[in-house]
Each structure stands twice: as structure tokens, then as C-alpha cells.
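Next come the structures, one after another.
Paired with chain B in one complex and with chain C in the other, chain A is shared by the two complexes that follow.
And then the complex of A and B:
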């Protein structure tokens, strides 16, 4: 995943970005760092995936005296949230951003406090009074005869995470939807700073419940890349198994849960029953229903014995049969299909422009799958199909999940058959030695995303996995002591959330829960 | 039967019947819930759970928004009272019993007016959306409710529900069966069940009846929950006794037992429908209820021109 890094002047950024976007490159992540102490700059790294499969990073160095940079959002809508986040957390201002409202830090947070700056001091408690701080810029309103605004949340009647949705509607017809998220920002990226590699993993694994494995593996891969470590083959296969077990319980549960959006209780209870079965399997295999604690920098912590693999095969065979029955009933039910079909269409060009990934992208016909695009773990050894559906509606997203369950089961079986013997991880001593060898991994660093060539003591790496929701990208920068200087987490939910409101206009208000469930995005993946 | 026709005795009979329905209605909901759970491969809550829920709600303090007027706390009493009196109109004891169909229809409408006003009272979105949807549905439902009974009333020459039930001896009467089919749609809408509404959802944006109840708590919620259960029982009893003619088997304990059993069986049937279907898209409801209007109109035509 290493590629070329080119430091460019701010004035040249828009042209370079336009050229990359027109050439078919995709913005994978954008990382803002405060490197004033080590380098004398704020750095912005725009990481692109080229159509060839390579990576190109544009490095923008910002003088601390002038903390503005040209916004590329008008050219590349996918950049919108990255730029707003950098504005909130680092105090760097994107000039010409079409929607420069605060994103991550809401009203009670006083202006002028930027958590990701190295000299950040938390604001005094009395400054955190709601209403005392600068109010948000007004959100767009729908006006005209008969229009109404329907604010929903952030506290909901059901037990879900906080999100505020503001519908502009005429009667039941939605004209506009505005989503406001990031209500429970936890400052995890800040917390990770200065942590050692193991403690960093604990933070990364807790970003989200349902994507624990994906975040943990992405983090480990990023660190391993920064340190120049190669994990044992058996560890790569075990990671594949854990990633697929995570996808399975998510996809099966999500297919069932979509039915709650139309009141089809048979689907809901069937899905949750099978999800429970899979999570009990997870607990039996790793001691944790969300498969936590199985990963380590340099491999995996938890091996799977022959007996455990046998148990897994048995349970997966049962789930396969029962899930087949469930989906047969589901797809045969015309009242359910009538609700799913044509509802909440995500247009392929919207998906492309916003950089949507994962199930949502594949259901709109874009063949994006980190397992194929960035072969990690053992995915390079195991053939599988990237499932796509053209329609982009709720039904397409359900269909993609159903078909991917079959793919996941096949991948898991192939991984069991191909599982090599041998060690499951590098020894902690080997990892520690690599972490401390401040120049040891230098040769690998030529042209790397750190922008320092091989000279500097800071090392960077990027790890990408395909979570049940899509591509999870972790970018790390390690300091010379082998501690985390910066952990940047770009989850699949981060890229996909902005697409959800675009799919709702033209539908009616009671269809929103169904549309939302079909994306099944994660709030805590935003509230890092 | 003549001895029972005194107004006083009839009133006492109605009151006893209403009390009986008040007592049984939560149990009916419990049975339907249990049945649905079993269909979904779930164990489900105990059959008596609705009673436990009512006890719990009654023990809790009602919280009333300070933005609301006197209407909000009044509505639970109005709704339960209206549905209880409506349930006294049903000829549960047989053809000699029961009240007037117009009273039945207008008592349901009275409670609906109260519920929608109460839902609008706090100015909350979900109350407003629930009320607006409830009225949109009622515009479609009430003509069917009236028309499905009108044919029978015209045929019997009276609006007494008991007398309409008495006509049901002749099995296979096509007008009556068409009316029953039309009334079945009404029953689904009035019970707030799938495919019209979903009684089990907590997705605020999709709610109809539950949306109207969202601002209520404690005792008020208990009364409204109970009221919905009473209404469900009463509507099913009309379907069983008047349309399917169970009320025509004379008068007394046997009829009462049969009626209650029939209400239970109908409840399970509607539970099965709820299990088999998803909620229909809101704007498809006119099509669904339009079909029931057609059935009701056909029933009137059939009864008037062929039924005799």
C-alpha cells in the first residue's frame, strides 16, 4: 500500500486533485497532523488510490502562521467531511468549502480549542456550557407553501445511537434531509497519541462493536507496515477467518433487521436468532462475542484448534441452511419486496462522487471491495467474487448482503482448508525491537507517506480491511520510541453517511427507517 | 326474551358485558402476541403480560408536558370511556342484546377525535404525524365501516346490532359475507395492525397509533393501552357476532361462550395475517381500503336486491 508521496504547494493542490479525480483516482483518506514540533508544519496528506492500484499521496505543508488551505470539495465532493473535520480538530481552514459548518464538535464546545494540536489544553469546564459558545451556522431549510420541517432525534424512541435528522417535507413526501451526527465524539484519535502499540490496539478495537475485528486488523496492518513487519502465514489466514466471521454475523443480522423497517417480524426474529448463533460461536472460538482480543501487532493472539475449526464448520453449515430458508421466505414475500424495491435509491454517480464504499457502493454497481482492491490477510490466496447489484435500492443492498454471506462461507471454508501450520504471531520481542529501531525500517520508507524519506525517525503506515460496512482505513505515524504519534481512522461509515440523506428525497417519511437500516451505518465509527 | 327487553335490564346487561370485555381485552392481546411469537420461532411474553404491563403503567406517575393543555390528560379517560360504552353495544349475549350501530360508529369516532387532539396537544412531531396519518386512514375507513353495516341495517329495517345479528341464521348469505370481508379491512385498520399500522414498532417515523401515544406515560398510558385493547375486542366481536352470525344462536351463556371463543379465533387469524405480511407503503393504503369500500358497496347492493 505504499506509493509515491509528492509535496506540493497549496496553490497547486486543486489542479492536482482535479487531474487525479479525472484520471479515475479515488480519495481513500485525508490525514491532518500537527508536526510543528518535529517539522515546523501542519501537514495534510491526501491519499489517493490510482486506477492502476497504486497509491499516490499529496502532501500539503501548512505554515503555522497561515492555517488556511484551498478546499477541494467543489472538485471532489468526497473531500467534504475530511476538510470539515480538519477544521474542527486542527483549526485549519478550508477556503472555499461550500459547507464550512462545524462537523465533529457541536455547540457546547468553545471556539479556539483544537484537540489534535500538540499544544492542546482542554477548555475549562465552565466554557462547556451549551448555548454559551458560538452557535452553529443555520442548516438549510425547505420553504414554500405546505412545507414542514420534521426534526427527529438525537434521542430516539428505540434504543439506537444518537443522530439528528431534519426532514423538509410536504405532507409525507420528503424534499430534503439533513443529518447531523458526531454527537458522542470520544476523542479516540487523541487518546491514542503517545500510547504504545498494544494500548493503541485496545483503542482501535473499541472504536466500534460490530466492526471490532476490522478496526483491529486495520490498525495492526498499519503498524506492521510502518515497522516493516511481515506476519506469519497462519496469522494471515486466521485474520481472514475472524474477518469473515465478523462479516457473517453482521450481514445475517442486518438482513433480518432491515425487515424491522417494514414490520416483517418473521425476518427480524429469524435474523436475530441466526446472529445470536454466530455470536455464540464467536464467544466459543475467541471468548468474546464481538471477537475482540484475538488480534495482535505481528499476528493473532488466538489460534484455532482442529476441534474449534470443526465446531465452526458445523455451526456455519447450520447457519447456511437456515439463512437460505429465511431468505427464500423473504424474497418470496411480495409485500416485503414491494417495500424494498425502488426505495432509497443511491445513484451510482452520487456513490462515486462521495467516495462511498462497501455494501452501499456494490449495491449501486461499483465493484469496490477492499478484499480485492487491497489484498490483505489471506485474501490474495483465496478466490472469491466481488458481489455487485445495479439497482442501488434497499433491495439491492439486501441482495448484496445475502449473496456475500454465501461468499463469506466459501472464503471461510477455503481458509480452513488452506490454513498453514506454523507460528501465529511474531514474538513480542521481535515487534518491540522493530518499534525501537528508529532507523531500522528506514529503507522501506523511501517515498513513503511520512514525507521524510528514510531520514526521519517518524514512521508511517496504512492498513486497510473490508469491514461489514466497507473499507476501514487506519493510518498511523509512530514516533522514534515506537509510540503512536498519530492514529487516523477513516471508517466505512465516515465515507458512506453523507450519501444516506441523498437517497431519501422522493421517498416518504415512513420509508426513512427502512432506508437507514439498509445502509446499516455505524454512529460510533464516526464518534471516534 | 320479552322479559329481558326492559330498558333497565338491557342497560344492566350492557354494563356487565362492558365490564367483561374490560377484563378480557388485555388477555386477548396477550394471546395474539403469544401466537405471533410462536409463529416467529420465539417463546414470546407470557399470555398475561398485558395485565402486568397495565399494572406497571398504573403504578407509575404520569408525566405531562408543560406545553400541553387540559386536553392531553383528559383524552385517556375519554378514549377508554368511549370504547367501553361502544363495547356495550355489541350483541355479545345474542340477538336480543346489544345496542345501536350508529352509537357504536360514533363512539369510535368520538374516541378518535379525542386521541388526535391529544396527540396534537403537545406540539410534538410524532404526535402530529400520528394524528395526521390516523385521520388520513379514518377518512378511508369510516365510510367502509358505515357501509358494511348499512346493508344489513337496511335489510333488517333497524339499526339495532342485535337484530342485525339475528339475520345471520341463513349461512352463506352473500351480502353478509361481502360485508364481513369489507369489515375485516376495517378491523385491521381499527386494531392498528399490519398491513396498515404496526403495533410493535418503536420506529417513530413509521408510527400511526403508537405515535399518538408517544407523549403519554404512567396512568394515562395505561388507560390508552387498555382502551386500544377494548376497542380491538369490540371490533372483533362485531365481526364475529354480527357478520358471521354467531349472535344468532339464541341468547345466554352458550352464545356468550361461543362469541368469546370466536373473538379469540379471529384475533389469531389477524395475528396470522400480521405474520404473513409486511406493512404496506403508506400511500398504497387508499388502494387497499378502496377495495374494501367496493366490497362494502357490493354487499349493500346484494342485500338490497338479492338478499331478501
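And then the complex of A and C:
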């Protein structure tokens, strides 16, 4: 996952980004760091995946005296939120950004406080108490005869996460949707800073409930890459099993939950019942219904015995049979299909331009799957199909999930058959030795990527997994003592959320919950 | 339609009975809890406690477990509990998350909109004391930093059985609030 790193002057950035984008490269992440103390700069790293499968990182060093940089959003729409986030959290200004409104920190936050700067001091508590009349940030409005604005949220009527949606509509027809997110921003990237590797894992695993395993494994992989550790084969297979168990309870539950968007109670109760069955299996295997606590830097903490593997296969066979019956009924129901088909279409070029990943990308015909693109855990050993559907509508996203459940079950079976014997993790002593070995080891690492060429004794690594929602990228920088200096988390929800509002105009207001459920993105994964 | 009916009939009632047989999915811990809950809701509430969910910045783990209470296995609605769409209809607020600064105002307004007497439950480690967000620049570090809390439910996240146990505690609090 390492590639080339090239330091680039700010003036040359737009042309280089344009060339990369035109050559088919995809922006995987953009990481802003405050490295004034270690090397005298703010650094921005633009990580691209090349069509060849390689990685190219553009490193932009910003002098602390001039905290502006050229926005590449006009050339590469996928960069829009990365640049706004860097503006909020590091106080670096993207010049020429078409929409430079604050993104992550909402009204109560006083300007001039940048949490990811190393010399950040939190604003006084009294400054953070919003008055009743705290001004809302300006947002685009739809005006004209007969138009109405429908504000919804951040507290919603159902049990869902908080976001504010403002529909511009004529009658029931949506003309425009503005989504305001980041309400659940908890500052978790900052929380990880200064922590040791194990405590950092506790934070990473709690970014999201439904993507716990994916975040934990991405984090562990990033740290392992930074430290040059290779995990035992059995651990790689167990990680694969845990990742697929997470995908299964999510996909099965999501297919059921989409039915709630059209009032199809048979599907809702069937899906939620099978999800409960799978979560009880999770608890039986790991002691946790969301599979938390099973991962470790250097492998996994929870082995699976023959008996546990047998239990797993029994339950998965039952779920497979019942899920098959459920989806057969679902796809045969004409009133459900009428609502699903042609609703909430995500066009392939929109998906491409915004860097959409995961189920949403695959349902718009883009064959992006981190399990195939960045073979991690044991996915390199296990053949599987990257499922795509061309239509880009609600039905396509449901179909992708249904077909992926079958793939996941096959992957899990193959992983059980291929499960090697041996240790499940490196010893904590081995990990600790590698962490401390980074003292002064930086020079040996020059040129092998991840941007650590000029990072002195700081080491960096990137870990990528396929969460139930898509490619989930963790980037870490470790200080010479083996503590977390920076954790940058770019979840699938981060790339996919900007696409959701584009799919709603042209549909009616009551279709929005259905469209939203079909994407089933996490607010917590996005907001952190 | 025939296929749907056949499936529904063949699966039958999966909801766990308060008097669940040994070996059922409920396990030994859940059945007595459900029985106690059933008796208490009848006695104290005449079968009705309305709950409003407030996400104050959770990781969605607590919220998914709350949702699980409505699946056919737990089916909390049969015991007189329901999740309502508006705080104006609620007796109890289940607050998940540490109260982020971005949600502080929404939480305060939701509490204000809930009629008295009301109960506030802090659900999950983050809601109780900030959890992994404790000390963060972006969060208040727990629900009780912003509004008074009646019931604390630790866990990351609390399981559905934990939440049922917490609801029993909530019911014990109600008579003291003058509801009788």
C-alpha cells in the first residue's frame, strides 16, 4: 500500500492533480497535519490510487507564515470536503474553493480555534454555549412562486442519527436538497493523539458501532504498516471472518430496513429478526454483539475454536436459507418494486467525480471494492466476485447487498476451510519493540512511501478495509515513542454522503427516507 | 402473497415470552426481566411508557441496540413501551452520546419540549461520562453536564437486556415523581 511520495510546490499542485485525475487516478484520502514542531511545516498529503493499482502521494508543505493553499475542488470535486475540513480543523485556507463554508464545527464554535494544531488550547466553555438566536450558517435557498422549504432534523422522528436536511420543494416534488451534517463530531482524531497503540485502538473501534470491525482492522493495519509488522496467517483469516460477519449483519439488517421506507412490514420484521440472530452469533463468538474487542495491533485477540466455527456455520446456513426466502418475496412484490425501481438514481459520472465507494458505487456500475483493490486480511487468498449493478437506483443498491450476502457467506466458508493453524497475534512484546525501534529509524525508510521520507523519526502507515458501506481508510503517524501523533480516518460515509443529496431532486419528499436508507450511511463514521 | 403467508405461518411467533422456556434464544437472564417489566408496566403505568430517542453524538451502537428492542424477538411494544416521534409525546428521553457541542442546542430544546414529569436516561458509556470522548474539544463529556439525568446505563453499547433492566429502574422512579 506504499507508493511514491513527491513533495510539490503549491503552484504546481493544480496541474499535477489535473493530470492525475485525467489519467484515471482516484483520490483516496487527504491528510492535513501540523508538523511545525518536528519539521517546521503544515503538511497536506493527497493520496491517490493510480489505475495501475499503485499509490502516489503528493506532499504539499505549507509555511506557517502563509496558511493558504490552492483549492483543487474545481478540478476534482472529490476534494471538496477534505479541503473544508482542513480549513476548520487546521486553519489552512483553500483559495478558490467554490463553497468555503465551515463544515465540521458548527455555529457555537468560535472562529480562530483550530483543534488539530499542536498548540491548540480549547476555547472557554462560555464561548461554546449557543444563544437562542445563534445565527444559522447561510445555505442555498430555493425561491419562486409555489416553492417551500422543508427543514428536517437534526433530531428526527425515528431512531436514527442526527443530520439536518432542508428540502426545497414544489408540492411534493423535490427541487433541491441541502444536507447539513457533522452534528456528531466528537473530535475522535484528536482524542487518539498521544495515546499508545492499544488505547488508540479503543478510540478507533468506537468511531462507529455498525462498522466497529472495519475501523479496528483499518487502524491495526495502518499501525502494522508503520511498524513494518506482518501478522500471522491465522490472524489474517480470522480478521476476514470478523469483517464478513460484520458485513452480514449489516447487509441483512439494511435490506430489512429499506423495507421500512416503503412500509413493507414483512421485510422489516424478517430482516430485523435475522439481524438479531446474527448479532447473537457475534456475541456467542466474541462476547460482543458488534464484535468489538476482537482485534489487536499485530493480529486478533479472540481465536475461534472448532466448536465456535461449527456454531457459526450452522447459524449462517439458517440465515442463508431464510434470507433467500425473504428476498424472493421482496423481489416478487410489485408494490415494493414499484417504489424501489428508478428511485434515487446515482449517476455513474456523479459517483466517479465525487469519489463514491462501496455499495453505492457498485450499484452505479463502478467495480470498486477494497477487498479486491487493496487485498487485506486473507482476501488475497479467497476468490470472490465484486458485485455490480448498472441502474444506480434504490433497487440496485438493495440488489447489490442481497448478492453480496451470498458472496460473504461463500467467503466465510472458504476462510473456515482455509484457516491455518498457528498463533493468532504477535506478542505484545514484539509490537512494543517495533514501536520503540522507530526511534531514529526514519532514515532507513526514505523513499518507500506514505510520506515518511522526510518525516525523520516519525513513521506513517495506511490501512484500508472494506466496511459494509465501502472503503474505509485509516492513516496514522506515530511519534518516536510509538504513540499516535495523528490519526486520519476517511470512512466510506465521508466520500458517499455528498452524493446522497444529488440523488433526491426529481423524486418526491416521501421517497427521501427510502433513498437515505438505501445508501445506509453512518453519520458517526462521517462526523467522527 | 401465498409465499408470504406461508412463511409467516411457518415462522410463527418468535417473540420471547416472559415465561420463556429454557433453551430459548432469550437465555436465562432475559425471561425474568421481561416478566418483571410486564408486571410493573401494568401496575405503574397502565401499560404505557413513551420514549423519545435523542442522539447527542453517539457512535450509533446504542441506537442500534435501542432499535433491536423493537424487533420481533424483543417486541417491547407488547409490554406498553413505544418510541414516539415527538418529545411532546414522551415520558422518557433516552439520550445516547456525550452531547457534542454541535448538538447541545438541539438536546436542550428537545428536553424543553418534553412535558413534566419526565425522565432522562443517559444510555451508554459516552452519555454517562463522555466515554472515549471525555476531555474532547468537541463534546460536553456526558449528558449530565447539560441536563439533569435520572438513570445512567453504562455499556459500550448496553445490550438490549441491559436496556430492559434500565427501563425497570426507570419505572421504579416514576411513582416518586408523583405519577402513582
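To be clear about the criterion, the second predicted complex is superposed on the first by the 508 of 528 C-alpha atoms of A that agree within 3 Å, B and C clash if a C-alpha of one lies under 4 Å from a C-alpha of the other, contacts with A are read in each partner's own complex, and residues count from 1 in each chain.
Basically, contacts are C-beta pairs under 8 Å (C-beta built on N, C-alpha and C of every residue); 3 or more make two chains touch, one makes a residue touch a chain.
It should be emphasised that the depicted structure is a prediction, and the values quoted were computed from it without experimental measurement.
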item	value
Which partner reaches more residues of chain A (counting touched residues only), chain B or chain C	C
Partner chain(s) touched by A:459 [first = chain B, second = chain C, both, neither]	neither
Touched partner set for A:399, first chain B, second chain C, both or neither	neither
Partner chain in contact with A:508 - chain B first, chain C second, else both or neither	first
Contacts of A:202 with chain B and chain C, given as first, second, both or neither	second
First, second, both or neither for A:469, with chain B first and chain C second	neither
Which of chain B and chain C A:166 touches, first, second, both or neither	neither
Partner chain(s) touched by A:273 [first = chain B, second = chain C, both, neither]	both
Chain B versus chain C as contact partner of A:302, first or second or both or neither	neither
Which superposed partner A:151 touches (first chain B, second chain C, both, neither)	first
Chain C-contacting residues of chain A that also contact chain B	157-158, 266, 269-270, 273, 333
In the complex, chain C residues that touch chain A	3-4, 7-8, 11, 14, 25, 53-55, 57-68, 70-73, 83, 85-87, 97-98, 100-106, 110, 126, 131-133, 135-139, 156-157, 159
Residues of chain B defined as touching chain A within the complex	36, 39-42, 125-126, 129, 132-133, 194-195, 198, 200-206, 214, 274-284
For the chain A and chain C complex, residues of the former touching the latter	105-106, 108-109, 113, 115, 120, 122, 128-130, 134, 154-155, 157-162, 182-188, 190-191, 202-203, 206-210, 212, 266, 269-270, 272-273, 275-277, 279-280, 283, 289-290, 292, 325-326, 328-329, 332-333, 522-524, 527
Touch list for chain A against partner chain B, complex	150-152, 156-158, 171-172, 259-266, 268-270, 273, 333, 335-336, 338-339, 508-513
